[in-house]
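Single-structure report; data block below.
Chain nomenclature is as follows: A, B, C and D, assigned in order of appearance, with residue numbering initiated at 1 for each chain independently.
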């Protein structure tokens, strides 16, 4: 039997992490013996666990250890980090450590040091200023890459059990909940963000425009509740289409009727912007005077329209190089306190990939499956609201007494 | 070749019925020759069609004819109705005519006579006062039942192409439409119903309560916009649960949090009503002073809570005999001008079965599949709104300036 | 401060129950102090917890206690059960204990005694043979009803973490899983059920017929894998329609094309059965020679077709009195080892209400929301498979080498 | 009143086009007078329509005319095409003609000439070899661009009413259909495609791998049924993950259990491919010996993995420049006879945009909304199958007697 001593500390019971640790070991067909367990006797006391992990091979021990790290356990008597050198651009040694989106520390120079630029699916490289998450494609030959998980500890966010905030939505995704309560909570969170000078970023799909929510979102931006917009070509195109021609995907925004031939409108809108040079050009030439993109540009908040295989045009502002688009998304997400995902699975998963797990993340979609998928892809902190995004945004803006159409 | 002459008249082209007639004949692998086609030259002129249907057998001719009747075609030189006598309760001759929900006439005593009590899946019996739709289970030995379709003509409602009403929603069920427009249309239709002294009936599921829409619906009832309520045991139980204990299915209606053990509340609510004798008893004893069922009973509008296999309790007011429940549903639907279905597939299909196709029917559900299913079951006139029923009702009540919680 | 000592025992950590106990107390804004916690040092050792619950009032203490009982905690130094007498049929004292679907014991005559006929949302009455779950409507004046929760302990099923069975599906409902694995697991479970002489009951909706799964289900019944069928009027009607006329809801089962006028077929099928007296009569007269209902009746397994507000006909075998239908459902479920729910939310919730939580419960539906709803209504043990029920049943029957069409 | 004479010819009634023409004019609040209508007297005879369109302004006339063209109507006494010159790259005159995906001809040099490279949302440029669809971004200053719609006629595909092919699925998207029939139809269509040397292209999302359908799809490719693959980074990553580590998105493909830490596997797979240079390199070095990407590359069929904002890695073969990716997609689609869309909305809409409406297009997805969205975006020819893509592919491959895992 190969053995290793494991430590974990914190709200191990009420967060459910203790259960996960033991179940993981059993699922892996390994074995454990609890050496020591000091339970927090009262609500605000933390617990301390030391257990001995027994495996049939050294290799198995490494496999299980790697997974325990994700749950916030670490090896007793921390071991100095091992960095190996990449021998080719975009490649790392095969036993590299792959990050989660949780806060992470590594044992380096005999002390626990925080890893910067936390994101999921990254490598930890040793830079001059310390350890840092980098994407695989940014690895250069010669980079020093952290290998193994023996010198890592991560801090999964505690379940938000005491939260007066969004905790109520944590556990399930159901269309049978009162969305009016969710409206009140989101409005109050946005008010708090604004009052405290914090940062909220919206990821939005074209459904925001189709369902009549663009005016409400534009008002939120104009009034300073939102500090970054992540989207694609389509949300901008349909916003412009509705500003110039009163339709969205060819559907009249006033009557809800499909207009025959109205599907031309989005191409006319793109052509018009191309003629004017850009969306910004359309504004400065007085041709675009309201709407979502107008408020985004007028307010000066950063935005990125990431291109995709389905785009028409694209608009001059759309970034069709995905490497660059991911970089811009990442820059806008940096330092955000709240991420609001509005009916776009593609861009939400993209943004989720780059967002640390401690950022408040809300996903509003009429399809309950979207939140499940986000969570399957690692953005487990996202709380889901199954609702109509247009009505939802209008209700939030109404609650904040904003003026909008 | 066996032949028959077929007549049809009306807005055959713009309603699409002419296309359906020809396609039906081709799909049935029969053949046709157009004898005469007088097209309406202008928008308000009707067209007239006479065609010869050719089939390889008399039997095939009958099969195709039966189906053409549904599209509003009839046999040239109408044939006197044939009634055969039922020889057993609940049974009809095997060539009985099965009704649709469209307006129907039969050729009787050498003239076209309207069939009364129109509904789908019924038989046409000859009663003293004329031909009438009756359900199979109401057939008595000795009843005279219409057989064959040669003496029938039906009037499918024209597509509502010119309608300023709900026509805009006719063609598709999409979650990518502006529900704000739908809110305005529904509010305006309800205002018109009230102003004109017409009748609107609501079919509602417990999701109305769970999603926080009960207060808005109660206000619509209190203010005279709704004239009948069709539901089940659950909507009443959860309304009472939320009135007595502030939860719905154990979820706190103020915070949206599931309350531990709150799933007891619905049983306590039922027990309380049982002790007080009935919901009505609870009101008269001053124990129930607000909410959906309160307004329903206070306003005196007819209602029926149809039982089901999943019911707890049930409440004293719940009808557990489905034969009787269907009868009560049918009585409430009689003469209604508008049927609003709120997030309950079961009761909506039940109500749809009893409703003539000329009744304006709207179905609001977060699941787009519900409208497809309604239509597959014959309620083809239902227009679907894919939305959150709680937010939707609140927005409608807001638009009508109603007071609600 | 009001205090009470609470005990719990078992796999408290790995089952997650310990976390739930502490979180419940915190959520209720009560307080705790852990008096004693003996952690199971190894995988197969159980843990023992004693804690002191502190509340600001006696009433609060009762509220929290009632909820803790549901998690398998009980009061230290068990207290003799208190039974109060019902003073009216269908009514119980207001502090009655409402059951969950977990195994339950009460402290009676100074010992823990098992409650019989376990089901959710029931009362515990004292009968000659001991304590028993009864439905509210079956309570008679004079019945002795258990009140309070101080003398109750329940046994929530451990998470099936080590199970080679269905444990893999416990945690989430996702359409992004390999249903082929689920097919293999279900086939192997059915084989085991049959080999061991255990009992499997199916709850099935008409979608089983529409999607072409009726032949596979009929084969499973014929070959002895299924020992009870719970459904409604529609599944039988459409099975008969497809046997007599080759269509289901008017859609040709061979070509998949809607047949014009085919919606008549289900009424013809009902009329035919009515003429022959019953489905059984149709079989004995040689008119019905294959299909789902044929195999159900031929095999002699118990079945119940529960009526609903949406039923046409109904068939002679359909039970339109919901009180009686619930009784029959309950009788068929009694003693079942496995419950398979096939695409019918209504009947599945109904069956789930009557089923103890230790029965293996699988729900196969193309709509991921159905399992969420089952769970919200207390059938938390149901594992969900998001799949096409027709293809799924055919694959299971294929895996078991059955002959079917 | 401004007037114009309009001509249309073909199966105007049974295709429903005649209804659409009249309804369009009414919806536009214009008026018509039918000058001449020669109805096809028998099934195989075409009809001929001449009508006078009356509008209140010349401008309105142009608007309505533009829309009528889409329905296959054209101006009587065809008018020579007008080309205007683009004065800026990526810009066209504001009255440019925007194409649909239907076959299109323009009246040029006094005869109707076919437009090449048909696709939707394109412009028609005059090139040396004749008129051609080009994308807005490919327009160069000086290009001659067709303006107005007076000289255009398009040929919408007739409704496939007589088809023994996929016509059965044309009318609705329902989860209540027998997917076994769809399996047989798709298998038989693929057999025909192969036998006749035609071309089938698959658009596939990662769900194909997650749901266990990759082996079946790989077999279809190996055996020559599929001639092009359009996807994204994720389908390749998860295929490689499952080949190298036996998991897909961290879920074990054999047991269906999520493996703790298995979410690392996809990063390991990418790193491994990077080290080997490419997927092709992995094959040539003997490291990748089976699976979907293996068969794609071994068979030599063209493929494109289009990048997106959510991609990890990406793989060396993934094209992150969307302009280039769209070009490659277009090249692979060129000349295809059948397009099969497997559970990816993003890439399906992208592919649909480039595909002429006469290409047989099937979309298999467990979410009924996907087909509605495709259709809303112009790919109206797509027939939808609501099913589990893994089980579906396995059933198709089984029906074709292929060997697969």
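The working rule: a contact is a pair of C-beta atoms (placed from the backbone, for glycine too) under 8 Å apart; a residue touches a chain by one contact, two chains touch by 3 or more.
Nothing here was measured: the structure is a model prediction, and the numbers come from that model.
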Notebook entry, point to check: A-C or C-D: which has the larger count of contacting C-beta pairs?
Noted result: C-D
Margin query: Quick check for the class: compute each chain's Cα centroid; which one is farthest from the centroid of chain A?
Written below: B
Next item on the list: Provide the C-alpha centroid distance between chain C and chain D, rounded to the nearest whole angstrom.
Entry: 45
Note to self: With centres defined as the mean C-alpha position, give me the chain A-chain C separation in Å.
What the structure shows: 38
Note to self: Counting only residues that touch at least two other chains, what does the list for chain D look like?
What the structure shows: 27, 175-176, 249, 257, 367, 369, 376
Next item on the list: Would you mind writing out the residues of chain A in touch with chain C in their complex?
Entry: 13-16, 18-19, 22-23, 25-27, 31-34, 37, 39-43, 159, 161-162, 172-176, 368-369, 372-373, 375-376
Next item on the list: Show which residues of chain C lie in contact with chain D when the two form their complex.
Entry: 167-169, 171, 175-183, 185, 207, 210-212, 248-249, 251, 253-258, 366-367, 386-388, 390-392, 394-395
Notebook entry, point to check: In the complex formed with chain A, which residues of chain D make contact?
Noted result: 24, 27-28, 63, 66-67, 70, 88, 90-92, 94, 96, 98, 121, 136-137, 232, 249, 257, 260-261, 263-264, 266-268, 270-272, 274-275, 306-314, 320-323, 325-326, 329, 346-347, 349-350, 353, 367, 369, 376-378
